[in-house]
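What follows is chain A paired twice: with chain B in the first complex and chain C in the second.
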Partner chain A sequence: MGYQLSRKTADEVFGKLKERYDIFAPKLFQGEGCFSDTDIIRYGKIDSLDEIEYERRSDYSFKEALIAINETLFYFTEDETTVPSCTDKKLLIFLRSCDLHALKRLDAIYLENGPEDFYYKRLREKASFVLMGCSQTCDTGFCVSMGANQTDQYDLYLKLDGDFVLVDCKSEELAGYFQHLETEDCAVTADYVTENKENVTLPKNLSVDSFQNPIWESYGSRCIGCGRCNFVCPTCTCFTMQDIHYRDNSNVGERRRVWASCQVDGYTDIAGGNSFRKTQGERMRFKVMHKIYDFEKRFGYPMCIGCGRCDAVCPEYISYANLISQLAKEEA
Partner chain B sequence: MKNEYIPFPSQVKEIIPHTDIEYTFRMSFTKDVKPGQFFEVSIPKYGEAPISVSGIGEDTVDLTIRKVGKVTNKIFENYEGNTLLMRGPYGNGFDIENYKGKEVVVIAGGTGLSPVKGIVDYFSDHPDEAVSTTLIAGFKSPSDILFKKDFEKWEKTIQVIKTVDSAPEGYEGLTGMVTKYIPDLPIVDMENTVFITVGPPIMIKFTIMEILKRGIAEENIWISHERKMCCGLGKCGHCKMDSTYVCLDGPVFNYAEGKNLID
Partner chain C sequence: MGLDINTKKAKKNAFRISKERGIGASRIRVPGGYLKAEILGMVQEIAEKYGNGIVHLTTRQGFEIEGIHLEDMDAINEMLQPIIELLDINQQDEGTGYPASGTRNITACIGNNVCPFANYNTASFAKRVEKEIFPNDLHFKVAFTGCPNDCGKVRLHDFGIIGMTMPQYDPSRCVNCQACVKGCKSLSVNALRVENYKIVRDEEKCIGCGVCITKCPTRAFTRSKQKYYKLTLMGRTGKKNPRLGEDFLIWADEDSIVKIILNTYRFVKEYIDPKAPGGKEHIGYIIDRVGFEEFKKWALEGVELLPETKMKECVYWNGIHFDR
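Right, the complex of A and B next:
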């Protein structure tokens, strides 16, 4: 159901929502970017609509609201393990169309691939999603090429429109916050883009034979293996588990999981100093094939949703979008 | 909802030392488990290590562990009368049914014998259920030989070729790589013969070359892949090759499929 609210009413609703929900949205962090003197947009808890960075795409994705960068799985004491408790509140997460398509990929790994992940599921069940429409394309995104530019899978659509706020509510859970308001019902349709600056054609004939393509080495040779492309990607889900003990009491410690990157040294290390993909070229191949080929073989749709974050963050200006298009061109 | 990451304590019932750095830990465990499956074994504050099942008893499982690093060192330091933490079993494991009524050849290198030991035990205890059973096991040197007691038992009921890469002068057993013994293996019916091979990647590679030379079809060869693993649950991504998660879909693969898995 669509509503047009005054900004004041919207702020009041927001205040009510805050009582029941932890609200996560992209925020601007000044001077904290990867390059010196740059800003960064990443997710954080917000207290008012004003804090949301509504115009520009976030550098980091919404995934950290569901999968912490560094998560304690449990604590060890002498003979026991204790699982940290989870927030009592529900979650409300602001994101864009491409991100909602990415959520389906996170679900595929964490809920469908093998047994369900306890930690993901307990947050996921609490989460509702607020779509921020896109009235214009971002710079490096190619969501249209990937079919991720549009979605109706949101719980709430919310658009800041001058003195007004336009809302479309699809979820019963959230409907109660709007139904009693004295507002005009109106038809609200979510903004989405139909064109990007970047267009990508997916290669159609990738196979194990594509491993031999020299393109991996040519793109990989510039890669410094920093892993940022993985950390910003809303569909990357890998982690490494590690144990630590506390310095002041070595009987106590914890087991954690930490985001991992297939581009970074150590990802495939096994005992005896062996590792499986040693060159950045092999790692580039592994990542790109996963994004556009082997994930699809397993789940039926490509992993990449074309948000363009990886290209925007790369300190070596390596363009994954160009790499894919080049693969397609070689096939033609 | 079950939290798959929480390990359970399991008591160390017995220790069977093989070499200075390789012991079998007989752990209490009563649920179902298959040869070729693995457990995530851990010591709190040190970490986890995937370890294959090397034997299955009434209310125990055997884990044969090689001491090579942080977690495994700690396991060796600190086991007596103790418990280890475990999660699992994980992975598909070997399906004995695939091998019944066949000429079965098991080729193992070093600790690679652990995951296939359950198969050898089975056909050694039930020799009538296979047309024939042969084990070719290779070790670096005589002092690296594992499962000595088991070999004595196996030698009574199945064909055993136990070889070492190199030995001091005067050693009376067989020497040479496992591959040396493949060309002369007596095989009656190629189509009814299955090979199961586990060991270091390089050994698997040359072993398979020799097996194929004998005219065995790829579909009749089974391998077990060892890869970096963290979770064992299809989540952490470390074990993925192509669209395959070794921890879920493996570690046991039919070679016709497994040969396409490139890191």
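Right, the complex of A and C next:
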């Protein structure tokens, strides 16, 4: 159902929503970029619509609202473990079309790939999603190529339009917040882009033979293994485990799971000291194959949704989009 | 008729008297070494009209237009006016050129306008101090550098200002990739270590360079909102006792540094040797003569340091002594 609200009414609705929901949205963190006097856009809890960075794509994705960077799985004492409780509140997450397509990938990994993940599931069930449309393309994204430019899988669509706010509500849970309002019902369709600056064709014949391609070493030799491409990616789900023994009493502690990156040293280290992918070239191959080959073999669609965040963040100017286009070109 | 020129006045007016009779050079200071490109065209015009077509890029970030005839100084001053205005140089009388030459041009490395290591905008801080202290005949050298790499070589100056940032660590964003630890070890002072998968910063050792922050891929390390500076004192080159400036304040703020520089002008006016040749005595030698305690008393007057600022109670210099 579509509505046009005044900004004032929308702010009141927002205030009501806040009572039941923790609301997460992309925010500008001033001065928190890598370099002096540079900013960063990442997710944070918001208290008003004003805090949302609506124009530019976030540097880091929404995934940290669902998968904490550090998540305590349980606390242990000598003979007991305790699982931390989950927030009482529900979650409302603002995101873009490509991100909603990424959500499907997160669900696939955490809920449809063997046993369901307890921690992901308990938060996921509390979450509703607010689509922020895209009135123009971001710089590095190629969502159109990946078919992630459009979606109807949102609970709420919300567009800030000067003194007005346009809303399309698909969820029954949220409909209550709008139905009683004296608003004008109107048809609202979500903004989406039909063209990007970046167009990517996926290679269709990747196989183990692709391991021999010199392209991996050529990109790998430029990569510093910092992991930024994975940490900003809305579809990367890897984590590692840490057992922390408290310093005052080493019999007591907690087990955490923490984001991991297949590009960073240590990712393939195993007990006994062996390590499987030692060079950045091998790691690059693994990442790219995971994004556009391995995952698809299992789930039927590629993992990457073309948000372009990895290209935008790479300090070595490695363009993953260009890399895959080159692979496709070599096949043709 | 012989040339009749007041060389003292000419020198104060930023002209050089060269070794060739009747020929001088016009010196154009560029505070912070940061200028609009259109000034280059103006410099070229003067060099081609009044000079010999050669311009020297000076060691203190200025231009020296070579081969000018000393009798053209007034005409050159007229042509310098738009440059002086674009550079926002303090001036009493329009069209009279650069008003003083004792306090040397304030230099700066490129800073955070461009450099990924820099911790602040060196050119704007340089310009702030420029507005406070010029024109001035006392011999002061002030220089700014963006980070402890000290590309600006500020330790060779009376006042060296080195950009610092206080790393802010959010353990909940840290993935223990150790990029910060490796960065601090290889590029800086090895002040970070891992304890229970989290990062511990040795606050005594950390020099606030910010390398850890630029390396961190998750924004677990970020810069402090407050910008911090290290103030080094009384470095110098020269004939008697060249030496590197020594740390005085660490984790200091911008306002305190400005006040200390201004206070030092008052100190010098009080204590400068009235018989010094050309009315010039370097501050460093005045402090050597009067004692650091006395200098400190004057320098800190009305200065309110931040609680986190560390001050060296006493400063000792070394360097090479050719005068003993």
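Keep in mind that, in the parts below, the second predicted complex is superposed on the first by the 330 of 332 C-alpha atoms of A that agree within 3 Å, B and C clash if a C-alpha of one lies under 4 Å from a C-alpha of the other, contacts with A are read in each partner's own complex, and residues count from 1 in each chain.
Following the convention adopted for this analysis, a contact is a pair of C-beta atoms (placed from the backbone, for glycine too) under 8 Å apart; a residue touches a chain by one contact, two chains touch by 3 or more.
Model, not experiment: these values are computed from the prediction.
**Q** More residues of chain A in touch with chain C or with chain B?
**A** B
**Q** Tell me the contact category for A:Cys226 with respect to chain B and chain C: first, second, both or neither.
**A** In the superposition, A:Cys226 contacts chain C only.
**Q** Is A:Ile109 in contact with chain B, with chain C, with both, or with neither (first, second, both, neither)?
**A** First partner only.
**Q** Examine A:Phe211 and indicate which partner it touches, taking first as chain B and second as chain C; both and neither are also allowed.
**A** So A:Phe211 only meets chain B here.
**Q** With both complexes overlaid on chain A, does A:Phe164 touch chain B (first), chain C (second), both or neither?
**A** A:Phe164 sits against neither chain B nor chain C.
**Q** Is A:Tyr301 touching anything from chain B or chain C once the two structures are fitted on A? First, second, both or neither.
**A** A:Tyr301 contacts neither chain B nor chain C.
**Q** Have a look at where A:Tyr54 lands relative to chain B and chain C in the superposition and call it first, second, both or neither.
**A** neither
**Q** Contacts for A:Gly31 in the overlay, against chain B (first) and chain C (second): which applies, first, second, both or neither?
**A** second
**Q** Residue overlap on chain A between the chain B contact set and the chain C contact set?
**A** Residues 242, 244-245, 260, which sit in both footprints.
**Q** Hey, which residues of chain A end up touching chain B in the complex?
**A** For this pair, the touching residues of chain A are 73-74, 76, 79, 81, 83, 109-110, 113-119, 121-122, 208, 211, 237-245, 250, 253, 255, 257, 260, 262, 267-272, 275-277, 282, 286, 289-290, 294-295, 297-298.
**Q** Enumerate the contact residues on chain B facing chain A in the complex.
**A** 1-7, 9, 42, 44-48, 68-69, 72, 226-228, 230-231, 233-238, 240, 242-243, 245, 247-248, 260, 262-263
**Q** Going by the contact rule at the top, pick out the chain C residues touching chain A in the complex.
**A** Result: residues 112, 116, 118-121, 146, 163, 165, 171-179, 195-197, 210, 213-219, 222-223, 225 of chain C touch chain A.
**Q** Hey, which residues of chain A end up touching chain C in the complex?
**A** Per the touch definition, chain A meets chain C at residues 29, 31-37, 40, 42, 60, 68-70, 226-228, 231, 242, 244-245, 247, 256, 258-261, 264-265.
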